[in-house]
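Each of the next two complexes has subunit A plus one more chain, namely subunit B in the first and subunit C in the second.
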Partner chain A sequence: MLRFIVGKVAMGALTVFVTTILVTLLIHLVPGDPVQIMYAQSQGSTPEQIEAVRRNLGLDQPIYIQYFQYIERLSQGDLGHTIRGGQPVLDVILQRLPNTLLLAVAAMIVAIVIGLPLGFLAAYHRNTYIDTALMGIAIAGISIPHFWLGLLLLFFFAVQLGWLPVSGSGLANLVLPAFTLGLSNAAIFARLTRSSMIDVLEQDFVQTALAKGLPRTLVLRRHVLRVGMIPLITMMGLQFAFMMGGAIVVENIFSWNGVGRMAVEAIFQRDYPIIQGFILTFAVVVVFVSIALDALYAVMDPRIRRGS
Partner chain B sequence: MKTAANSMATTYPKQPMLLRRLLGTPTGVIGLAIVSLLIGGAVFADFLAPYDPTKMAVGPRFLKPGAEHLLGTDEFGRDMYSRILYGARLTLLVGATSVLISLTVGMSIGLVAAYRGGWLESVLMRSTDVLFSFTETLIALSCVAVLGPSLKNAIIAVGIAGIPFYARTCYSASLVERSKPYFEATMAAGAGHARLIVRHLLPNVLPTMIVVATLGVSTAILAAAGLSFLGLGAQPPLPEWGYMLSGARDYFNRAPWLMTIPGLAIALTVLGFNLLGDAFRTALDPTERHR
Partner chain C sequence: MTMLLSVTDLHVSIPFGRGVQTLVDGVSLEVAAGEIFCIVGESGSGKSITAKSLMGLLPRLARTSGTALFDGVNLLDKDVATSVRGRDVGMIFQEPMTALNPVLTIGCQMTEAAISVAGMSKHDAQHRAIELLDSVGINQAAKRLRQYPHEFSGGMRQRVLIAMAMMNEPRLLIADEPTTALDVTVQSQILHLLKSLVRRTNMGLILITHDMGVVAEMADRVLVMQRGKVVESATVETLFAAPTQPYSRALLAAVPRLDVIEQKEQPAVGNTLVVVDRISKRFETGRRWFTRQKDVLESAQALDNVSLTVAEGEVLALVGESGSGKSTAGRAIANLLKVDSGVVRIAGTDVASLSGSALRTSRAQTQMIFQDPYSSLDPRFSIGQTIAEPMIIQGVEKSVAMRQASQLLDRVGLSKQLLDRYPHEFSGGQRQRVAIARALASNPSVIVADEPTSALDVSIQAQILDLLLALKKERSLALLFISHDLAVVQQIADRVAVMRRGKIVESGSVQNVLQSSRHAYTQLLIASAPVPDPAKRAKKMTTISPLPDGAEDILQEVSPGHWVAR
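Let's turn to the complex of A and B:
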């Protein structure tokens, strides 16, 4: 088990390492002069000022030196300063990250609570009209863009019915974004759960358990659900990463003050230090969550737990 | 001997054509219908559209859908029906081009990695794993951050973002083919690298990749429309559906059809490709057929 987890941690470390390289390169891949572009919107900056900024960002150094400087600053928790306002990027991100995580977790709960039972139901009634209907709904759910779903929910529940606030950052404000993000993922979960459960339902040990006269519910709970859940846990790690990505769009619809909204604003303003910080944060969060879920997977699956 | 071979040949059930198998399922029929409708609309937009999609004030502003303007008009008095038709063209262009980028690059990586093995395989597949954990949204967003917002850059961004997924899928499909006896036999017969990859590996992984690419078109369309919705893709006055949606939220109460129509167009298109992809999978994969 230890070996399994060490492997996962190593892969995670590699991912973060590659991210730091990409993030350093990012600003050099920008066509044209990044400093000119960053300051194009602020009027009246003299060539001297531009040069000073270039020096400040370390852009006058060879690229490998820039990378080492970046790592050195990173190790001190310094992600640089925003172009507009000059705030420390780390502060700006840490201020908003909890909101994004809250949204992603809430959406995850919505997706699991809706998607898992429906997928299980479809698997149990596979190849019946119940299965067909549920999977029809699921494929429609996957096809609806979440930015459209968000607008529709906003229109009906906030504007027309007035049940929920249009935007803001209280708990009531969380409901619509969480459902927007959660519902599309619930459809994906339902499909994944269905195929995972069907794989288990068709195994011999399930037939044996049923044949020896165990109650159906007991077989489903102890044998099918337990085994079928294991592959789903790994998929949840991947889904969490997708949720973080989806949060970028959803945050913008509902003016939810998370890192996704910050990133899109930063792209418009060409505020590269924020974009760099965002990409790194995103990678670190995704790596942490997937390691945590892999560890959970290792604990739940005896084959890995006992290291065979 | 000859008669034995003949009788054997006749005992095999004849494989129905792909198209017939595709049309044998309701998902295939609906999917194919939606996609054909979309392609038709896109190809014949010049004949079908009554107005120039970017021309303002062809009618009054915010006209409800009706006889004069089939799907109403928008905040600039542009004809929505024409905009949706030309939007189909953009959507197909975006879907096809970005999938083509992901597919060609991803497949090359997957094929080479599976064929060569060794350190090259490790390097290629580890990098793919790393990029894969970034998720497509982050890769696409980073690309747009570098290249700047435009429809062309959104297509490139979505195309690059899809590479890891296609590389992975092609890699695992190629590994399976590589381990089969026929491949070993061809290798032993002295076929060159290029021949082995292009003539033997490629055609055998292609069916899998067609399924993946069909489903991938819907993902690509969604991703690009999402970028345009955020203002990071298509720029005005292009009749891009995602961009049209983002403008619609300002006129929620006044003109709800500006929000429902482009959204429905995206959802239907994506649904069409999803159904078609699912049907392709069922048609091409015998183990899936009676599931």
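Let's turn to the complex of A and C:
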């Protein structure tokens, strides 16, 4: 168990390490001079000023020195300063990150609450019209892009029916973005749940449980659902990462004040420190969530918990 | 005698394509209390479907008709079956490794039905579970209740499953191939356990099996099934002494027998082709990073100083139970595995020293045939492509390779017209013939056959063994035949090496090893193998006793060519 978790943490640390390298290289991957590009939109920057900024950012050093400097600052909790406004990037991100996490968690709940039961239902009624209908809907759900679904929901529930606000940052404002992000993931969850549960339904121990005379509902709850959930937990970790990515689009549609919206603004303004900080934060969050879910996986599966 | 269960005219069918496929076709049978009733048949005979229909475990789309009266209740009736199931009729299955839920403790799984259906208190249920685990031979039962299935071996799991089925004191137990997945020594223990349970509790036992040896060992009465129909129903003595139906006779004749000694012609043995000299191999199973102890325990010694030879035109059988290292030895000889120490020489060349084109040539010389013909053929390759591929790799022109493939197909007894077909269109036996043709394609001098007939029905097994023997003679192949089945080994092998825990404990000619075995483990294997003759049943059970862990290391020659570990 401990070994399993330690292994996962080591993998996570490696992921973050690789991300820091990529983030450093990022500035240099963009064609042209990064400082020129960053300041292209600013007025009145003289060559001297640009040279000063370059020195300031350490961009006149060789890349590996830049990397060490970046790591050094990072270890002090310094993600640099925004180019526009000059605020500490960490502050900007921490201010907005809770909103994004709230959105992602809410969407996750929507996805689980809708997707799991539907997938389970489809598995139980596999190869019947119920299964076919549910999976048809699921495919449609997966195929609809976020931005379109978001606009549809906005149009019906906010504009036409007026039930929910169009944008803003209260709890009522969370409903539409959470559903936009959650519904397509619910469709993915439904499909994953279905295949996982079908696998379990065909296992011998389900037959054993039925042969013991257990009521079918108890067999489904205790034997099928419990075992079928284990692989789903890992999938949820991956799905959460995708959801964080999806949040970027959804936050922009609904003007939700999260890091995704901030990132898009930063990209338009070529505000590299923010983009770097954003990428790194995302990596850390995703790694953290997947370690947490892997730990949960280990707890649920005695074969890992009790080591074999 | 009052009947516990009487099944009359049972039919089971499922929708298949546009029509209906009949799986069980008019089966009638009766089982009395205290009786062991065997249903025997090959794959597709409908024996398992019959059992499952009694338990209400058929797929939802299946349709049944007929009656199965148990206590005046029709078990085929869907509503009734659920309430009787588990309480009065219990069932155990073939695969103990997968028949227990991996995430629940043994205790939870044993007691849940008693608690939630029979309304027993948790304390009473646990008490009874401990009692039953004790009675099926599981030590420290109270502690074992808190453990999970992965902490039990296959044989132990089957004991747990039997104890679990006994929780509600069923009056009828259905056992569907309960020992097929187990080693022969464990099988004999489980069969013994089942028999003593029947005698003690006077329950009826329906034992489903494909193994005539098990039937002879266990049955009071037998039902022979083929393609969903009853072929013959008789007492075990009558069936074995005087089977009335041709199919029963053929089935009995196909069973290889360890107790009947056949006179074999001396093989035309040529030069020694395979020389295995003191090979060892250790598998690291899950290296532990953050613990200092256990490192040694976590690795398994698969091969421990194994030496053997095979000559041209000779069959050497490597015999042992699961985990004995016999397959590892086969893979080492086929150069599919690097050994830690020791040398494998094929025709004088150390195979480990080869690389590049020399390695490829040597690979062509040694071919393997695997156990499961369903997974050893690429489903996307036609049969012709499968057989021609090794030749094309060796640089044979494609048209020539295809022509030779068709000749090989003909040689293994399949029609040339089948060249363009794909594996899914073939039966298990036909696939194994294709696998043999593929092995022959590169014109090898050594063939390693790893349990090549274990996945096949007994009548097909006989044909494949005959084919292998004929090919060996024709091409003077050196054949290493890996098997767990002593009766099959007796039929095909010239010499035998018995393996246990990575070591060879006894080796010599078939006569020496199987008829005058000297090592206790060989004797245990022979005693455990079920003999397909009900008359020889009585004297056997007493002879089996657990074997002490031998520390023996050195093979000594007790008579010319007969080596025993001391």
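Here, the second predicted complex is superposed on the first by the 308 of 308 C-alpha atoms of A that agree within 3 Å, B and C clash if a C-alpha of one lies under 4 Å from a C-alpha of the other, contacts with A are read in each partner's own complex, and residues count from 1 in each chain.
Following the convention adopted for this analysis, a residue touches a chain if its C-beta (ideal position, glycine included) is under 8 Å from a C-beta of that chain, and two chains touch if they have at least 3 such contacts.
Predicted model only: the values in this text are computed from it and were never measured.
In the superposed model, A:Phe4 makes contact with neither subunit B nor subunit C. In the superposition on chain A, no contact is made by A:Tyr124 with either subunit B or subunit C. Contact comparison for subunit A: of subunit B and subunit C, B touches the greater number of residues.
By the touch criterion defined above, A:Ser290 reaches subunit B but does not reach subunit C.
Look at A:Leu214: by the touch rule set out above, it reaches subunit C but stays clear of subunit B. Judged by the touch definition given at the top, the superposed model places A:Arg222 against subunit C, while subunit B stays out of reach. With both structures placed on the common chain, the touch criterion links A:Leu151 to subunit B but leaves subunit C unconnected. In the superposition on chain A, A:Ala140 makes contact with subunit B only, not with subunit C.
Residues 126-127, 129-130, 133-138, 141-142, 144-149, 218, 222, 225-226, 229-232, 242, 245-246, 248-249, 252-253, 256, 259-260, 263, 266-268, 270-271, 274-275, 278, 291 of subunit B are the ones touching subunit A in the complex. Those residues of subunit A lying in contact with subunit C across their complex are 2-3, 6-7, 203-205, 207-216, 218, 222-223, 226-227, 230, 300-303, 306, 308. Those residues of subunit C that touch subunit A in the shared complex are 55-57, 82-87, 90-93, 95, 98-105, 109, 112-113, 116-117, 148, 150-151, 161, 164-165, 167-168, 288-291. Subunit A meets subunit B in the complex at residues 11, 14-15, 18-19, 22, 26, 29-31, 126-127, 139-140, 142-148, 151-152, 154-155, 159, 198, 241-242, 244-246, 248-249, 252-253, 263-264, 266-268, 272, 275, 279, 282-283, 286-287, 290.
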